[in-house]
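There are structures below to look over.
In what follows, chain A forms one complex with chain B and a second complex with chain C.
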Partner chain A sequence: MNHPHDVVELRIPRKPEYVGVARLAVSGIASRMDFSYDEVEDIKLAVGEACTSVIHETAPEHVALPIVVRCESAPDEIRIDVVNIRPAPRKTPPREAADAPISQLLMEVLMDEVEVRENEDGSAAVRMVKRVSRDEA
Partner chain B sequence: MDFVVTTKDATIGDNRRAVIVQVVGEVDVYTAPRLKDKLLQVERDGVHHIVVDLTEVGFIDSVGLGVLIGALRRARAGGGTLVLCGPNPRIRRILDITGLSSAFTVSQDTDEGLKVLEREVPSDAGAVGQGGRQ
Partner chain C sequence: MTTTATETPTQQQEWDGMDTTQLFRELRAATTPERQERIRDQLILMHGNLVRYLARKFANRGEPLEDLIQVGTIGLINAVDRFEPDRHIKFSTYAVPTIIGEIRRYFRDKGWNLKVPRRLKELNLAANRAIEQLSQEMGRSPTYAEIAESVGATEEEISEALEMGSAYHAVSLDTELSDDTESAKSALLDLVGETDESFRRVELYAQLKDAIQTLPERERNIVHMRFFKEMSQTEVAKKLGISQMHVSRLQQKALNQLKEVMMRSE
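Moving on to the complex of A and B:
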């Protein structure tokens, strides 16, 4: 499959049991591109980490808001945005801060680009990019 | 795939109690709390020599790793240790990336894991009961 710039958007409840759904959906898209098995597994783990981070950062009053996972497949890369829709950023530390360094490390090592964006409406997004390895060609 | 955690009692040198914790499925933010509960139950039962069998685990995330790190710390504080066995190459890679391969001893199978427990925690160290290893 090489449909340039196809976009798939998924909205999942902000609950741990749906993180696996996001992983499966994104790995399904990545596996139809020219990624190796290991690269698909890298993407799958990174997406799960991004969704998990959103859940851990969620204030109780925001649990009903969805997580948006947006995938754009280009011929030689996949761009994934994991969007934390929220009215305003939290002022208190995340509850599961202990896992955060590992989570962030995994995303940064497994993906080619990771960027955190804070939007004016208070939402935040992690943009991750994984490029098809030239070695695989 | 269903997530299942089971335990199997074992003994190592000098008749010390050990437990093999077998995990089947994906260990992530959803399932890791169940693994944590099982490990806490093992510790409450007074067992600090633990082998976690990952042979049937296809995936682990940072939350799952955090549960294993916590259990390793508590086992050492109790005078024992925790050994991982049978991780697939993907999980070994995650352990390497995160630097955790230097914290955990990894064995091929549960028999080797029990031998590692004996080797890493001599019976006199286990008898001390606290302080643990470095």
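Moving on to the complex of A and C:
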């Protein structure tokens, strides 16, 4: 049903009540792929965690900026970027891998790949990949 | 969890002030099994909130939260037993994947993936029932918030259940129903019912009866004479002492009203 690399991009306000909208959108996309029910739930949970942690990290002067959720569905995997748009990076240095926040640990368990990166323009993004696995559940 | 006489309340309090890292050091340094047990218990109890926090995130998948907390706690116990404090990672970093792993294994072992997701199906049914009931009660279509409140779910869950609940796992109508006996193979299509026309007609009559009751008396009489006694418009006009044109207008008005009432009750 999916053409290779269909892209859906969503901009949501930084408010907890819109996290559900992102979860629903992603659920709609993932459930049209070959994911099982539990896998779709895992993806939703990971996206919810990513959006929620962006909201938590938002400085008061940045509340008006949207969160961008970008979903790319390839034939065998879904790639999701949750982008925290910021004009400048946070002052605090990036966290050590050893004490990654629980939300990130959750994402890492739920998804096949999780990559957190700080972009040149100051924004931060987490990229998550979940592969369609037919045999191993 | 056992308590022994060798540990005094004072020692218990001594541990309360310690953080996880210190406790793990104490645990590895403990020389008696009793002491090891007490420290292990303390570590497990200290992280009960972590298990509950994580279990709650899986609570919308149709399994009771208590069960998830229980299997999550097994994960926590395993993590406490296997954690090596010298590896320079925080205990929670080690424990979170172990706890979630146990919770997810629980879902997997239930063979959940193979069944139709029960939660969505049930939610879909419940939501549809609520829509019907609320529409009748309120005389208008309910909002998602109202449906959610009536069903006891979140608006997000309702949206999802209504969107996908009925068609989450599409099954071909030609799917052969598994049957071990020698009997003839049947396909799902064979079991799909069709609209029973006579039932439909009974329903229509019942609706029509109610609808006719809503007409003003004169219109009701006209409908009765025209369609039940099969009188002509002229005959009806003579009987009521009004013009045939007037009968025609009143009849049209009555029929429109019936149509409208019946459309609404569909």
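A few points about this structure:
Heads up, the rule we're going with is that the second predicted complex is superposed on the first by the 126 of 137 C-alpha atoms of A that agree within 3 Å, B and C clash if a C-alpha of one lies under 4 Å from a C-alpha of the other, contacts with A are read in each partner's own complex, and residues count from 1 in each chain.
Criterion: contacts are C-beta pairs under 8 Å (C-beta built on N, C-alpha and C of every residue); 3 or more make two chains touch, one makes a residue touch a chain.
These numbers come from a predicted model, not from an experiment.
When both complexes are superposed on chain A, chain B and chain C end up clashing with one another. By the document's definition of touching, both partners, chain B and chain C, reach A:E41. In the superposed pair of complexes, A:I67 makes contact with neither chain B nor chain C.
In the superposition on chain A, A:L105 makes contact with both chain B and chain C. In the superposed model, A:I12 lies in contact with neither chain B nor chain C. After overlaying the two complexes on the shared chain, residue contacts for A:A125 are found with neither chain B nor chain C. Residue contacts after overlaying the shared chain place A:M33 against neither chain B nor chain C. In the superposed pair of complexes, A:T52 makes contact with chain B only, with no contact to chain C.
In the superposed pair of complexes, A:L24 makes contact with chain C only, with no contact to chain B. Shared interface residues of chain A (contacting chain B in one complex, chain C in the other): 20, 38, 41, 45, 98-99, 102, 105-106, 109-110. Chain B contributes residues 26, 28-30, 59, 61-63, 65-66, 90, 94, 97-98 to its touches with chain A in the complex.
Remark: chain C residues 50, 53-54, 57-58, 60-61, 88-90, 92-93, 96-97, 100-101, 104, 107-108, 112-113, 117, 120, 154-156, 159-160, 163-164, 168 touch chain A in the complex.
Within the complex formed with chain C, the residues of chain A that make contact are 20, 23-24, 27-28, 31, 36-38, 41-42, 45, 98-100, 102, 105-106, 108-110, 137. Across the complex, chain A meets chain B through its residues 16-17, 19-20, 38, 41, 44-45, 48-49, 52, 55, 96, 98-99, 102-103, 105-106, 109-110.
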